[in-house]
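Working notes for the structure below.
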Amino acid sequence: MRILIVNPNTTASMTKKVGEAARAAASATTEILAANPVAGPESIEGYYDEAFSVPGLIGEMQLRPDMDAYIIACFDDTGLEAARCMTDAPVIGIGEAAFHMASMLAHRFGVVTTLQRSIPAIENNLVKYGLASRCSKVRAADVAVLDLEGRNEVALGKITDRIVESLEQDGAEAIVLGCAGMADLARSLSDKFNVPVLDGVACAVKLAEALAGMGLKTSKQRAYAAPISKRYS
Amino acid sequence: MRILIVNPNTTASMTKKVGEAARAAASATTEILAANPVAGPESIEGYYDEAFSVPGLIGEMQLRPDMDAYIIACFDDTGLEAARCMTDAPVIGIGEAAFHMASMLAHRFGVVTTLQRSIPAIENNLVKYGLASRCSKVRAADVAVLDLEGRNEVALGKITDRIVESLEQDGAEAIVLGCAGMADLARSLSDKFNVPVLDGVACAVKLAEALAGMGLKTSKQRAYAAPISKRYS
Amino acid sequence: MRILIVNPNTTASMTKKVGEAARAAASATTEILAANPVAGPESIEGYYDEAFSVPGLIGEMQLRPDMDAYIIACFDDTGLEAARCMTDAPVIGIGEAAFHMASMLAHRFGVVTTLQRSIPAIENNLVKYGLASRCSKVRAADVAVLDLEGRNEVALGKITDRIVESLEQDGAEAIVLGCAGMADLARSLSDKFNVPVLDGVACAVKLAEALAGMGLKTSKQRAYAAPISKRYS
Amino acid sequence: MRILIVNPNTTASMTKKVGEAARAAASATTEILAANPVAGPESIEGYYDEAFSVPGLIGEMQLRPDMDAYIIACFDDTGLEAARCMTDAPVIGIGEAAFHMASMLAHRFGVVTTLQRSIPAIENNLVKYGLASRCSKVRAADVAVLDLEGRNEVALGKITDRIVESLEQDGAEAIVLGCAGMADLARSLSDKFNVPVLDGVACAVKLAEALAGMGLKTSKQRAYAAPISKRYS
Amino acid sequence: MRILIVNPNTTASMTKKVGEAARAAASATTEILAANPVAGPESIEGYYDEAFSVPGLIGEMQLRPDMDAYIIACFDDTGLEAARCMTDAPVIGIGEAAFHMASMLAHRFGVVTTLQRSIPAIENNLVKYGLASRCSKVRAADVAVLDLEGRNEVALGKITDRIVESLEQDGAEAIVLGCAGMADLARSLSDKFNVPVLDGVACAVKLAEALAGMGLKTSKQRAYAAPISKRYS
Amino acid sequence: MRILIVNPNTTASMTKKVGEAARAAASATTEILAANPVAGPESIEGYYDEAFSVPGLIGEMQLRPDMDAYIIACFDDTGLEAARCMTDAPVIGIGEAAFHMASMLAHRFGVVTTLQRSIPAIENNLVKYGLASRCSKVRAADVAVLDLEGRNEVALGKITDRIVESLEQDGAEAIVLGCAGMADLARSLSDKFNVPVLDGVACAVKLAEALAGMGLKTSKQRAYAAPISKRYS
């Protein structure tokens, strides 16, 4: 099975990290390809960056049309619906992947993301997916996406503080890490707090393998119907 | 006051029609500028087209940064959040404009849009805006956007049929026309059915004038904070 | 265009203030008439006062049946549905006006009202309008309506404190002032906090002008159907 | 125990019928007083009539301030919140009474009311009470309230048709009769359809006896706090 | 009238206390029978205990098939739907009873229960019943069920603290005590805080008397249809 | 990896069929064990049967405490929360599995289950999981669970009819088969209708492999905390 994971921003070091996290989660027989657009925002922190990364994201998918599944490696599931329109293979966002998985391990999960400005898009996604009632609260660590590249004790401390608040004040029973750049923290934080801490990249790889492994396809009825034209002037 | 209304698709005849509808609704002292991107989808029928029209839409706005307000003239409010990030002037989508206005004239409104495939994006918007409980049902007339250019009795008949169903079966008390290309039908359909029939273009013009007239700005806290960079490599 | 704004309580100084706020917001060609009932509660602080002010409110409207639109200048939108039944002109409540407007400027808005006892009616309205998910929290400043008549630094300080909490603790991105008596504070508070601060009186004037300007009428289907008799023994 | 049941319209024959239904439901030791205002609408069919009946309704309650509980005998629970503000005895609306009771006998209940125009107020109440998800659908029999005075086979036929639709098409498992004037039909319709058919008058009497019997009072915190003045100029 | 109240755990002292609370609430003509299973968990603190108590609970009901109504005396309404399938008499859970009653006395009620681990089941019930929007928050006193047997000042202090938080921080206007073992505290806490404090046992007795007194039965359509077999190998 | 799939009813032929479906979905390195209780209902059609199957279901799990994950093979996710309390391995219900998977392939999915009486439990689960807004409608084929054993053209015809209604009338874009006994129909129905048709058994196997493969555990905070005692007198 071959899965393309697209980091929709242009930061290659992040693509590399995401690819490694995906490979660590994948089955032995799964080949993971990781890519990012050559043009567009270097990190996605809010709706504006999101909008400008979608054409590049779709472009990367169109370069590799024969994949068994696709993953969008940005926690706000950038361009998810558009991507689903251009293929009948499953397309999974790392945000939704983590939300669905956490819902099967806990009554309520908390989300710890990067910046305050990223919270509304996550809240809107939770409402769209139906899972808002399963989320205790989305908290921001006040850490920029690119600050998560490389080892950063200050950032880790802030994330840890938000997890404590989520468990103690909000009634969270599991934690979803709200940024692709936090993928490498899940295991150690899970050990530290003794609750499930979910990284969306690993969740998405497993879900993509699962759906493709069952031979299930993205529905082409209504929402994700193929566009009349896939190329624009 | 100067308002830019952007038709996010590339069909100039539709831009012209939308511009005329906007001018018909505008106050005497308001100058309406109408524009469309030079590249991108020629009509927007679903999530894929939507994604590819946003950069062009934003580009048109960036060419005219000194407007008092902006309007996005596609009923699924294409790129609304991204557009709000790049300006502190009010930005109004024609879909939300019609939903909010209809909510002040009726307990429940029905929506009549073009194609089945356009329904999910509208439903998701209603949920995101909070107004899903105010909408009786979104119905599709099975008429493509571009079929609404020029006088088209078959299309009109289908739209009329959906309005009848909406009023008689769904309990709608007002009708929202779910496509910028239907702007010229609102008055005659309102007369025919003796209920409010709302065109989003006129509603958006009035709301843009209202917000700008009060000196109100798009909030720059959290959701619509200015992007760190407005230009990408 | 002529708009009647009814203050449903009997305090003439408040009617005067509300009328001035309305005139300040209105277009040059709009004539604002401001009225209040001669009998009934002198301020509306809860459901009981609300109920006793409705007949007087309707009475004021019936004295001026030829208006282009009507505004109800109490933040809990006293008697809104009943008022809509007696006219086909648009009728706007200042609460709903501010909620709808704020929804187009921010992902979430906070409400700062007068007394704790006024919160439930506002919460119920938000649920009824569908906009509860757009409101971060309704907070009370513990200031009575009539304490807002005249310059009152203590009251202003309490309102300011609630705004700070709303922005910092609740994630509000805009603030709605929850009392007609706060109309004169919106501009300065908006400047102070650099977020949109909305006064319902101005919002309602603009929305009334907008709806009437488009020739839109209150639906007479179902909810707001004309009563069989408009006069009772 | 003494309970006052107020029919908020002025039709004495309906008050008599409601009083009889209440007495039939009451315990042997409960004294039922039935009253109606001397002025106001002769039937309540929509929001306008509702508003004009509240002062008379409150007036009837104020004439008998020493009751153990109060019942409002109009299915849209006219003036319920206002009535709760003026007493610390329990106050029950016949609509809410039936909804709560039906929720303990069935997963979903259907409502059959009089006119289409009465549906929105009932729908809004269901949302306000939280019980909208428990109601399969509100259907109207197209029978006016006063048509239910006296034996009326045509009206009964229409009500029966709506019950059939409710059970067969909507998935209702119990039926709530949506008008005080249908109180005498519950038993025979329950026998006919072999499902619970609930009359709000009986439900409200039982709930009023229950709450008062436990010594429970209407909360005076926030929503139903006593008004500063109970008499207006 | 004869009502069986089943304590689904095996602690006889708690059954005795619950029976006494039920008798104190019942009418003079009502006979209360109290029972508990001979096998199963000795207290119910979470989903696991709940599951193992249901067969014993049903067994106790089957031993007394001729009751006019049944009450389940565990605050998470253990086995409520299953119990309704085996009888057409009304079956009331003490949790739902208190929620419905509190909804008629206050705009919002708070719940104070025993342990953190008991909160999710209560939250899920509130969502299922539709009443989540009526509950301000469920708080846990960190007191085990069996710690409530006998006079326990420490436990009482913790419960009192949670009530204070509920009223002051959450906006609760009434308090629901979230455990059958707290039945004897309602009156004194109500006096202490001057708000309605509801015990589910008394509420359930009153509702059971009310429903049975009206001759209303559990619906046998769909959800609570009689099982094909009531005895299993 | 070893996964135990428990059919909570006592029909061994169904257990065999479910086990085969699970093995067909599982990875080569996964060992599937299938079991059913020796005592309890022979099929689960409603809440009563559900309650009596849980102790046997838990008992089967306790006999094999060393599994990597557990699956509950009844579409109403019988005993799911209780099962999660007794292990820290992931526990997946086939209903939730199919709902979550369908949510990543389609905007809205329809459910086709066996009997009308099974609909309410499915509806309540959808609300509890948060996914009610993602489901267009739950329809019943009026086919008993055990009628699905062996080839049954009449049953297949009824299921097919409900799928047609779901796609054409309800706006479903994918179909979830609402009974473990329909596991063998998914592939052929998916081919027939050219939309995703999901069988919960396969979905649950894939999700169990995914969660266990990532080393994720059921949270032991709050909802699924280990019971104080796992054995009862």
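Residue numbering begins at 1 within each chain, and the chains themselves are lettered A, B, C, D, E and F in the order written.
Keep this in mind: a contact is a pair of C-beta atoms (placed from the backbone, for glycine too) under 8 Å apart; a residue touches a chain by one contact, two chains touch by 3 or more.
The structure presented is a predicted model; accordingly, all values stated were derived computationally and were not measured.
K.L.:
Which contact partners do subunit B and subunit D have in common?
P.N.:
Correct list: C, F.
K.L.:
What's the chain with its C-alpha centre farthest out from subunit B?
P.N.:
E
K.L.:
Find the chain most remote from subunit F, comparing centres computed as mean CA coordinates.
P.N.:
C
K.L.:
Between subunit A and subunit D, what is the separation of their C-alpha centroids in Å?
P.N.:
Computed from C-alpha means, the inter-chain centre distance equals 51 Å.
K.L.:
Could you tell me the distance, in whole angstrom, between the mean C-alpha positions of subunit C and subunit D?
P.N.:
Between these chains, centre-to-centre, one finds 30 Å.
K.L.:
Which parts of subunit D, given as residue numbers and ranges, touch two or more other chains?
P.N.:
In subunit D, 107-108, 116, 119-120, 124, 127, 133, 171, 222-224 touch at least two other chains.
K.L.:
Between which chains is there touch?
P.N.:
Applying the touch rule to all chain pairs gives A-B, A-C, A-E, A-F, B-C, B-D, B-F, C-D, C-E, D-E, D-F, E-F.
K.L.:
Taking the complex as given, what residues does subunit D use to touch subunit B?
P.N.:
Residue positions touching the partner: 116, 119-120, 123-124, 127.
K.L.:
Along subunit F, where are the residues that touch subunit B in the complex?
P.N.:
Of all residues in subunit F, those touching subunit B are 107-108, 133, 171.
K.L.:
What does subunit A use to touch subunit F in their complex?
P.N.:
Where subunit A meets subunit F, its residues are 25, 27, 90, 92, 96-97, 100-101, 103-108, 129-134, 167, 171-174, 187, 194-196, 198, 202-203, 206-207, 209-211, 213-224.
K.L.:
Under the stated contact criterion, what part of subunit F meets subunit E in this complex?
P.N.:
10, 39-41, 45-52, 54-55, 58, 79, 81-82, 84-86, 116-117, 119-121, 124, 127-128, 222-225, 227-230, 232-233
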